[in-house]
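The following pair of complexes shares a single chain, chain A, combined with chain B in the former and chain C in the latter.
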Partner chain A sequence: MNALLQAIAIGVPQGALYGLMGFGIALIFRSAGTLNFSHGYSAMVSVLITLSTIQWFLGMGWLEGHAALFAAIPVGLISGAVFGVLIDILLMRRVKHVSPASMLMITLGLLLVFEGAANLIWSPDYESFPRILPGAPFVFQGAGVLGEVRVIFRRNDLAVMLIALVISLSMAGLMKYTKIGLAIRARGQDPIGAQAVGINTNRVDSIVWAIAITLAVVVGILVAPITRVHPTMLMNTQLLGITAAVLGGFSSLFGAIWGGLIIGVLERVVDIFPALDGYETAIIFFLIILVLVFKPEGIFAPRQGRKA
Partner chain B sequence: MRRTLFLALAIVAAGVLAYLWTGGTYALGSLSLVMVWAIAGMGMVIIIGNTGQLSLGHAAFMGIGAYSTAMFIEWLPGVYAGMLVGTLVGLAIAIVFALLIGLPALRLRGYYLAIATIAFGVGIEQAIRAMPFPNPVFGIPHILRDVPAGYMRDITTFFLIAAIFLVFFTIGRVILRSPFGVKFRMIRDSEVAARSFGTNLTRNKLQAFVISAIFCATAGSLFAVTQGVLQPRTFGLIAAIDLLLIVIIGGAIMLEGGLIGSFVIVGLPALVLEEIAPAGSLTLIYGVLLIIFVVALPSGIATGLVLLWHRKLQRPYMSALRYVHRRLPARGTSVTTSRGAHMFYTEKGAGPPLLYIHGNTGSHRWFREVMDMPGYRTVAPDMVNFGRSDRIERADSIDLYADHVAAFIEALDIEPCYTVGHSLGGGVAMSLAMRYPQKVRRLVLIDPAPIDGMDLDDDYYALIEAIKQSYVGIKRAVARAMGSRSGDRRLNGLLAREALLMNEEGFVKHAEAVASLDLRERARGFRIPALVVHGGMDPIVTEEQSRRTAQALGAEMKVFGDIGHALPIEDPERFKETVALFDGP
Partner chain C sequence: MLEVTDLAVSYGPIHAVKSISFTLGEGEIVSIIGANGAGKTSTLFGIMGIVRSRGSVRLRGEELRRKSSTEPTAKGMVLCPENRRIFPGLTVEENLRLGTFVRGNFSEMVKQVYSLFPILRERTRQLAGSLSGGEQQMLAVGRALVASPEVLLLDEPSLGLAPVLVDEMFRVLTNLRDRMSILLVEQNATKALTISDRAHVMQNGRIVHSGEAGAMLRDDKLRKAYLGM
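After this line comes the complex of A and B, so read on.
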């Protein structure tokens, strides 16, 4: 029982990150119609930019310790937004007519471009990245109704959960209550209809790409202390993010977040069984194939007839 | 078979070149690796390029093959026994997984199939990493512990891998040309259409999936054996993307694309680029290349080369062929006629003269097997504008050609002669006999240009324009005229090269001249004994047309049901018999 609680305590924050990643991927897929396999890799470049900015601030002696991190984060986020807009304007806008398979290959090409650029400009080495909330982990200990309980909760995960929650809520608000949110949903449902009522779909696409990549940069900055910073740091997070989006179903954006949470917890729960240790990712990926085949609309898809 | 032989030669040549260039056998190892990846690449050509199923999971099949081979080599006493058993076990496991994953996943399309297969691929990679046996950090080192390293190993490996590659290439070619391959391509082009033709989509997709998995698993086993080291990361997402790069850049439709792509993606870095390119730049370049190829050249290098060959290089190729062929020695002599033209001809035997007039795109060579006519002096000229005779300015007049033939008869002083005209040459012979009746003693017309012209529509001229652009086109057109002999590649090639010697304007002008031919007026009062011989299988002149020609000339008519357009080459003996018989005993 204790192990299960511990699995949830570690799995939920991790899953929230997968969820945010999946949210961005689903957002681009639904609005711009591209399954972006380079999602995490473009964010990885932004994380490298963030790290370089931190080092630059520290090296110039302008800022110290955590102040440098917080000053660098906006730079990283803005670079992510810029990447998003650039990807859309320079590439995606020009290849909208191609088939899904071709589009997929184009984003795989982008993946290589980002990975190569990171290796070329920075290095393939692993570098450490500061936590947002450093310090000793919380330890919850005591006797509950189920017996002796001792759960460790990493301090940084508190920041992860808070940020994920704030972002989810603000995204929900953005999509539901603002004009741009309405435009994004309209463009996803019917591009020609959206154009007919005066929505500039090209601009909507750029905004969608900017938002989605920025979210991925947030995930990258939060995950960097664990994975450390290197060109393939977000590979697994991205794959599991896609998985989260599949599990949630591309038809509902916030399904990706729930999907991410499920995957995060499942990963840790599988770990409880010694025989399955190490196989968690493999098991999740095989589950995903089953979901794709038997419930391709995702397990959180809105039922037919309800408004999407 | 010809392509397999050609590839074998190319591979051996590449091996020799690489050896000479680097002066060591290291390069052979790189080329072996290229062929290993090419085998996997051919699997991808089958599943992606020919069945249209974008699978990103096939690197996992390579991983299955590689690890099972490596493990059995560790477990079994002999390295070679381990290789064999491991490869077979790897194949079996790969087939089982291909069936297990393919059956559900191939119901998906587009993005969803890609996600499912990538999930499978990464899942297998993670499972291999989690297994207790291979070291999670170092993988399996020293697979070939018992095989001494050195140049002998490099060379034997190179030839062994080359042989296996060629076997798989041939298997792939047979599969793609069989009804299976046709069904695969139907599924690629339209699932709806494929189903309406009675294709079992699930079964055929699964077949393609399993076949490509077999290719990839074999490549994986060979990878383990040639590299000698396996790292856990080798068959992950990056390997999946590498496979994709190989087929997209190499060309996804032709099996050769696997080899070309593998050479670009695996070979160039290993042989040349790794030393000069800074880390990461290759990944960057390949990423850019992938995007460019998908957007601008989705059929890849192999198909691109084929298109380049057919669209751009035919003219230079035909010029070169013409240049060489014209200079090859030909048995015969030239005579200058009273019209100032040099005319090339061959002759044989002694006796009354027998003149052979060849058809369109032809030359004296069309009669080479009937030159031996007992009791006759056979004479076969190249008409002006044809073969080795002079070009003249106009190519649009059959009468003008007849005038030149008349001048030729005078120059050789062989009038009156027994004249045989074939096809367009039949038209020339008729014109000759009508306007120079003293020069022609008897007339045999073999599938002649119809006396009242041919009905050629505009499409036909467009077709001729297309045909004359390419050597393959000319060869096919000549083969069509060769009737039952069209399977004779050697003669076909020879006669096609003879066609290249013709004045190029003739391709269109001769067709126009034959189309507008009308000798019916002149045929009134035609007195020369004539025979029209028609091949029942002739795809160019119809029996009806030949019959009209015979009727207008008051000629006899003979039809050979089993002969096409060219009796002199299809059945020389019957030709001689017919010609001799018509002249009377």
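After this line comes the complex of A and C, so read on.
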């Protein structure tokens, strides 16, 4: 029982990050029409930019300790938004009308470009990255109806969960109640219809890319203290983010968040059983196969509303 | 009202519209008729800036920039596209709200649309994808009308509708003529000519015949040659 609680305490924040990653991937898939294989890699470059900015602030003696981190975060986020807009305007816009496959190939190519750039400009070394909330972990200890309980909760995970929650709620609000959110959903559902009401679909696509990559940078900054900073730091997160999006159903954006949480917890629950050690990823992908076979629209896909 | 001069639309090597010109007067209904693939929809997309086109499009004498559909729509030219193109995962009300994305007063115009198509009022919170075909077509026309167009471009409003609904749709369109000019693209030539003032026949990207709608209806030779009826 204690092990299960501990698995949830570590798995939920981890899963929230997969979920945010998956949300951005599903957003680009639904609105801009491609599966972005370079999602985590562009964010990785932004994390490197964030780290360099921190080191620069510290090196110049302008800021100290945590102030440098918080001053560098906006730089990283903005660089993510800029990457998103540039990818859309310089690459995607030119091939959008050709075929979805060409967009897909470009994102695969970008993956290599971002990884190569990171190796070239920075280095393949692992560098440490500061936590948002440093300090000793929380320890919940006591005896209750469940018997002797002792659960450790990492302090930084509190920041992870709060940020994930705030982002999820604000994205839900954006999509549901704002004009641009409605335009993003409309563009994904019918691009010709969207243009018929005067929506500039090219502009919507740029906004979607900017939002999605910026979210991936947030994930990168939150996950960096654990993975440390290196060119493939977000490979696993991206893979499980795509998985979260599949699990949640690409047709429902917020399904990806739930999908992420399920994967995050599952990963840690599998850890409880020594016999399954090392099979976490295999089990998760087996789950995906089951979902694709039995409920290909995703387990959180809305029931109605799809009609030719 | 609307003046189209030397409009041409190409998709790579395919010339869908080959330099056509026509006008639409204040309060007029003008139809463009012709077979599948004649270039009718491409003409509308070109005018709206949905596809790239050459030539000049003037609304009330003012040249429209057609980099995207935003400016033509904002200036008062609104398209109701072929195949409805409503947003299936959004509610009826959200669909109508999007109709006023760049133009029109939603709270005021939505009342007019509901009085024109009362069935939509009962479906406000329903997802548009769950509507019947006829209701979806009404929603598509309603979504164009909430923008209070001065020029309404209608692409095949009768497509896939039961005959009784086609009559209903054309009755509604006739009633709109005192409020806006209408450019109607139709395969149902008889219906279109009945409510139009003038018409153009398109074939292979060109206008091959133009005339007064009533006269074209009576012209047997023309009907046999171009309209297959």
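Descriptive notes on the structure:
We adopt the following convention: the second predicted complex is superposed on the first by the 299 of 308 C-alpha atoms of A that agree within 3 Å, B and C clash if a C-alpha of one lies under 4 Å from a C-alpha of the other, contacts with A are read in each partner's own complex, and residues count from 1 in each chain.
By definition in this document, contacts are C-beta pairs under 8 Å (C-beta built on N, C-alpha and C of every residue); 3 or more make two chains touch, one makes a residue touch a chain.
Small disclaimer: the values here were computed from a predicted structure and weren't measured.
Look at A:Ser99: by the touch rule set out above, it reaches chain B but stays clear of chain C. In the superposed model, A:Asn200 makes contact with chain C only, not with chain B.
By the touch criterion defined above, A:Asp125 reaches neither chain B nor chain C.
After overlaying the two complexes on the shared chain, residue contacts for A:Leu290 are found with chain B alone; chain C is out of touch. By the document's definition of touching, of the two partners only chain C reaches A:Asp190; chain B does not. By the touch criterion defined above, A:Leu182 reaches chain C but does not reach chain B.
Shared-chain residue A:Asp277: touches chain B; no touch with chain C. Once chain A of one complex is fitted onto chain A of the other, the partner contacts of A:Leu108 are limited to chain B, with no touch recorded for chain C. Taken together, the chain A residues at the contact with chain C in this complex read 179, 182-183, 185-186, 189-190, 192-203, 251, 302, 304-307. Note for the complex: chain A touches chain B at residues 29, 35, 91, 94-95, 98-102, 104-106, 108-121, 123-124, 231, 235, 239, 242-243, 246, 277-279, 281-286, 288-290, 292-294, 296. For chain B in complex with chain A, the touching residues are 54, 101, 104-105, 107-108, 110-112, 114-116, 118-120, 122-124, 126-127, 129-130, 136, 237, 241, 244, 248, 278-291, 294-295, 298. On the side of chain C, the complex with chain A involves touching residues 48, 50, 68-70, 72-74, 78-81, 84-90, 94, 97-99, 101-103, 127-130, 143-144, 147.
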